[in-house]
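The same chain A turns up in both complexes below, where it pairs with chain B and then with chain C.
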Partner chain A sequence: MQSIANKACIVGVGHTEYSKDSGRSELKLATEAIGTAIADAGLSPVDIDGITKYTMDNNDPIDIARNLGIPRLRFFGEVAYGGGGGPCGTILMAAMAVATGQAKAVVAFRAMNERSGRGTARFGQAPTDESVTGVKSYMSPYGLFSPAQMVALAARRHMHLYGTESKHFGEIAVACRHHANMNPDAMMYGRPMTIEDHQASRMIADPLHLLDCCLETDGGAAVVITTPDRARDLKHVPVHIASAGLGGGAWNHLHILKDVEAPHTESTVIADHLFGDAGITQADIDVLFVYDHFTPLVMMAIEDYGFCKRGEGKDFVGNGRLRWPDGELPLNTSGGNLSHGYMHGMQNNIEAVRQLRGTARCQVKDADFAFIAAGNAVPTSAMILRRDGA
Partner chain B sequence: MQSIANKACIVGVGHTEYSKDSGRSELKLATEAIGTAIADAGLSPVDIDGITKYTMDNNDPIDIARNLGIPRLRFFGEVAYGGGGGPCGTILMAAMAVATGQAKAVVAFRAMNERSGRGTARFGQAPTDESVTGVKSYMSPYGLFSPAQMVALAARRHMHLYGTESKHFGEIAVACRHHANMNPDAMMYGRPMTIEDHQASRMIADPLHLLDCCLETDGGAAVVITTPDRARDLKHVPVHIASAGLGGGAWNHLHILKDVEAPHTESTVIADHLFGDAGITQADIDVLFVYDHFTPLVMMAIEDYGFCKRGEGKDFVGNGRLRWPDGELPLNTSGGNLSHGYMHGMQNNIEAVRQLRGTARCQVKDADFAFIAAGNAVPTSAMILRRDGA
Partner chain C sequence: MSTPDVKSVLAFPYPVPEVGAEDYWQAANDERLVMQKCDACAKLRFTPAPICTHCGDDQFTWAELSGKGKIITWTVITHPIHPAAVAKVPYVVVVVELDEQPGLRMVSNLIDAEVGEDGSAPTITFYAAVSVAFEPHPSGQKLPMFRLV
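Our next item is the complex of A and B:
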């Protein structure tokens, strides 16, 4: 094999409601989402023999298997770096397992009470307050503690270099909210937002306004992956993994302190092969999903993945390009991390599948290819999904 | 692909000294071991584009990349369940990455100051004292806290059912010590042990004596994995991954409370396909590596993987069968977790590679196939390695 391209499909998707207080355990959220995804595929738990997860997820695959009735696992794997490695990395790893015949059908998921609490500790390792070690030791003395603070520096540098303004970042937030307002499942449904609202929202870490920052969410989301051959017999028309990648390197400081001018980034490592593997170019992408933790990083991802050149993001995101139904390249069509729910990007995977099944609410007409980028400025992951027959 | 069989090779191995106090950081141990493995392969850090690790390992792949001069990573993955999933699971995952073309050369490693300290905390998650949640909540009130206590129950049940005696478990410890005493790198080199020593050693958790229990070790160990095609141009004759597997299921309680009579175990999930994938049977194995955390679990693994029937382990391990040079099936020929060093099984992988290169100290004549089982009674992993040309 030259790559994982076209060796695996997404055949089922499922999620819980997204809220600020789920009222139940993270294990319950995981089993609900996974159970829904398995049923959506037309499978039952006995058909599942693999689970991939975000390392940071508190749920244990064996606990999930026991509670769902999955009798045995022949593959389990984890991807680190949270919303960077997890969203597409767990799907890539599942694809590898089925493509190599080591498993038949694998679930990738994310479930958490991120807003209401940290849930139960996982076996042998529990999330703790981050200690100040490694690279962080160099940043903390200068007051760089939170992701928003770190992203603010990169955003300001982008503004300085390229003339980008806060309102350009705001275009991204407004596009996501626009889509959320057509999605009754979105946490921000019924709460429209204008660019003026964005500009007027309070400052979190200058130049980041409140509305540049993602939600915090309780919920669960899951997808089921199998081979194209097996997918043929299942309930839905399969959605193909046209290509996928993980990327990182020595420039990643494990915090989202992004070097705006770096020639190589976590995203360019993936961009170098992702489109070639899929046999398409950026111009072939019909619907765009970019992990929207903070709007400036969305713009930088769009640039790094070659949808426009460095510094041209401010123009690219304008003129309603990212808004369904009239925009050329609708972004995060269910509302994204910013306005749908912050499932660390897994919700974008589900919406991308719906787009390529033709069942999305903000359905992009004749969508053949969806591009999905996970969180950048940390080691990251991305993939291109293809409509069956495209 | 029907399986990962024969799609990847181990081309480099490396390790630090194994000790009770390394005197340096876990990151230093990791980079030393990995650097040595890369050099052993005849590669340089710029040739490496993937890292797989035990989830529980405190080292971060990006830190390793930065410190070793690996410019970028196109694959990173983690395997949970410590010495169960890690030893062969990290190699399976690396094999998947190269077999699917997602990476060219991947390092799998384990590095820790397990004896002298817990080292630095890893990004976002740090090892903490285990909290009492999940299944553990049901065991702690009865005083079941430590692995040795849990294994003691399974050992006693095996003794009750099958007439196994402590001296049979002792055969396993004596075989490992016998090999360690031909290995100047082993922590127990120069400290011979007889079955009488085993029987006289103090009781830890009846029926487990001190000499039934593994070491605690500081050190690092690593292997380099690539495709058979690329392996041809490298320094050593490649060692082929004839098959590999991960296994777990609802019966795994995430603690090593083993149900001795269970029809299916984490090991049988793998045994079901491992030999078939490799196209051989147990009789074709020339040298045996079984994760020796506690001697009774080694015997149960030998049974579960079909080297003998349930209950026959006590006879199988006798008559010097496990001891080089005269035994039919030498076990852990560098000394294992019990007497070489407890690198959570990674040291067994390195020794298996040396056996199939023909460069082991206790070299098994004409060794074609090595079987490696990781820690059982938790979700586990295993693989069969094949000599080039066999």
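Our next item is the complex of A and C:
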């Protein structure tokens, strides 16, 4: 079977600081992050001939090319569904471009002022439009606006069906915060959190507490993708894309109201071919990255990607399994969307690359394979990265 | 001197029917809950859609529902993120499965339920029976909402 497996690698990573107010434009953030990633690869802008972006990113590829000094773009593309399609979908698209020879080296990026609102509206706030139409007209008139409120509906259902409790969701938040406290770049560095803190945090949308919800962040993050052949001459040992995919399905008819009982989910659509293409199983994964917009959805992703059975997530996430260094499957080792910075999942890609280069702060010993899942409950994307030589 | 837009501050947004959904909202104004019933496979679908989400046929008839259903899940909103929510919290968003067809679900509000300021809602339970009620939005559009039976 033909797939993208092992036909492309990530050779450079770069990001700005993650903050509540960057004080500069989204274009500036994008050019800084991309410029840093290109330099990290040992390349210069003239070597880059492709850009992939999240559809919802406000930056125009041509503006980026002009400002960075990228003279010729032979490939540009964008991936829909925000933090679902974007984080790994932009990398899949870039990988396909270089693997087919349509481009030589492509950057995938995300840059936004989501917290300060300098260009991007805050996702946790309701728009104050007087009217709505289409799918929103069946939700907003009832005061159902934010992703957190929608996820609360799915979380309560999961709790009812499987006996999951809020404290089990809390294990995920605590693991991410644990890692952020070893990462001076993390927005929540120096702010330890316990399960008791999680339980005491204010209710955002019952049963979701504040500490079940991701940060809001200004910043930029980027990675550079090229072929294994070209990667040999570059600065770092390449990190291979062992497999990658996009997944969606008809059950998302209200876009984000997740049907917990659905026999198939966006995650299960991808899972089989992702592991098949990479030629490994879930047991081979050394370090786990799951897009942590809301802790209940992380648990559902862990279940639906087959790390445990559906309904077993509450036990799987316990006993420190997700915490470095002693846990057997550390999760989001730089702190994730919850505690590092909400760079729409791109920050997890960068940390996964560092794990497989062997340069992470919370370095998992002998890490060969990283699994990266983008946001679920919307059409999503995921990938498996492989250490060079593994 | 301009006056503040009171409606946008004090009310949640009102629905503007998309093409194909006009009859749903008009029926709500007439205090009837209707959904599209496929002429080919007789399945109901929601939200309004141009073709049957079960079989793909594009012929349908608007069918009136009993308005009876059960609570599949809910959340009590205590933290206002919309200006109109400040005066409304705590309020209850429910997902209701309608009696006519397994899996036929809609989002709405549960009204007149006992809800504490802290979000506690002792009378709301999974699969509790509910019945539709039509509540006017300040725009004049009536919205299908539900009450515990």
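Here is the rule we go by: the second predicted complex is superposed on the first by the 371 of 390 C-alpha atoms of A that agree within 3 Å, B and C clash if a C-alpha of one lies under 4 Å from a C-alpha of the other, contacts with A are read in each partner's own complex, and residues count from 1 in each chain.
As a convention for this text, a contact is a pair of C-beta atoms (placed from the backbone, for glycine too) under 8 Å apart; a residue touches a chain by one contact, two chains touch by 3 or more.
Model, not experiment: these values are computed from the prediction.
**Student:** Of the two partner chains, chain B (first) and chain C (second), which one does A:139 touch, if any: first, second, both, or neither?
**Tutor:** Once the two structures are laid over each other on A, A:139 reaches chain C alone.
**Student:** Based on the superposed arrangement, let me know which partner A:79 touches: chain B (first), chain C (second), both, or neither?
**Tutor:** It touches chain B, and chain C stays clear.
**Student:** Taking the superposition as given, does A:202 touch the first partner, chain B, the second, chain C, both, or neither?
**Tutor:** second
**Student:** Does the superposition put A:359 against chain B (first), chain C (second), both, or neither?
**Tutor:** Touch status of A:359: no partner.
**Student:** In the superposed model, does chain B or chain C contact more residues of chain A?
**Tutor:** Per-residue touch count on chain A favours B.
**Student:** Look at A:2 in the shared chain and tell me whether it touches chain B only, chain C only, both, or neither; answer first, second, both or neither.
**Tutor:** first
**Student:** Regarding the shared-chain residue A:153, is it in contact with chain B (first), chain C (second), both, or neither?
**Tutor:** second
**Student:** Can you list the residues of chain A that meet both chain B and chain C?
**Tutor:** 124-126, 128, 130-131, 133-135, 250, 253-254
**Student:** State the interface residues of chain B toward chain A in the complex, per the touch definition above.
**Tutor:** 1-4, 7, 55-56, 60-63, 65-66, 69-82, 85, 89, 92-93, 95-97, 99-102, 120-121, 123-128, 130-131, 133-135, 244-250, 252-254, 264, 269-270, 273, 379
**Student:** What residues of chain A sit close enough to touch chain C in their complex?
**Tutor:** Touching chain C from chain A are residues 124-126, 128-146, 149, 152-154, 156-157, 160, 202-208, 250, 253-254, 257.
**Student:** Which of the residues in chain C come into contact with chain A in the complex?
**Tutor:** Where chain C meets chain A, its residues are 5, 7-9, 12-18, 21, 47, 53, 72-79, 81-85, 88, 91, 93, 95, 106-109, 119, 126, 137, 139, 141, 143, 145.
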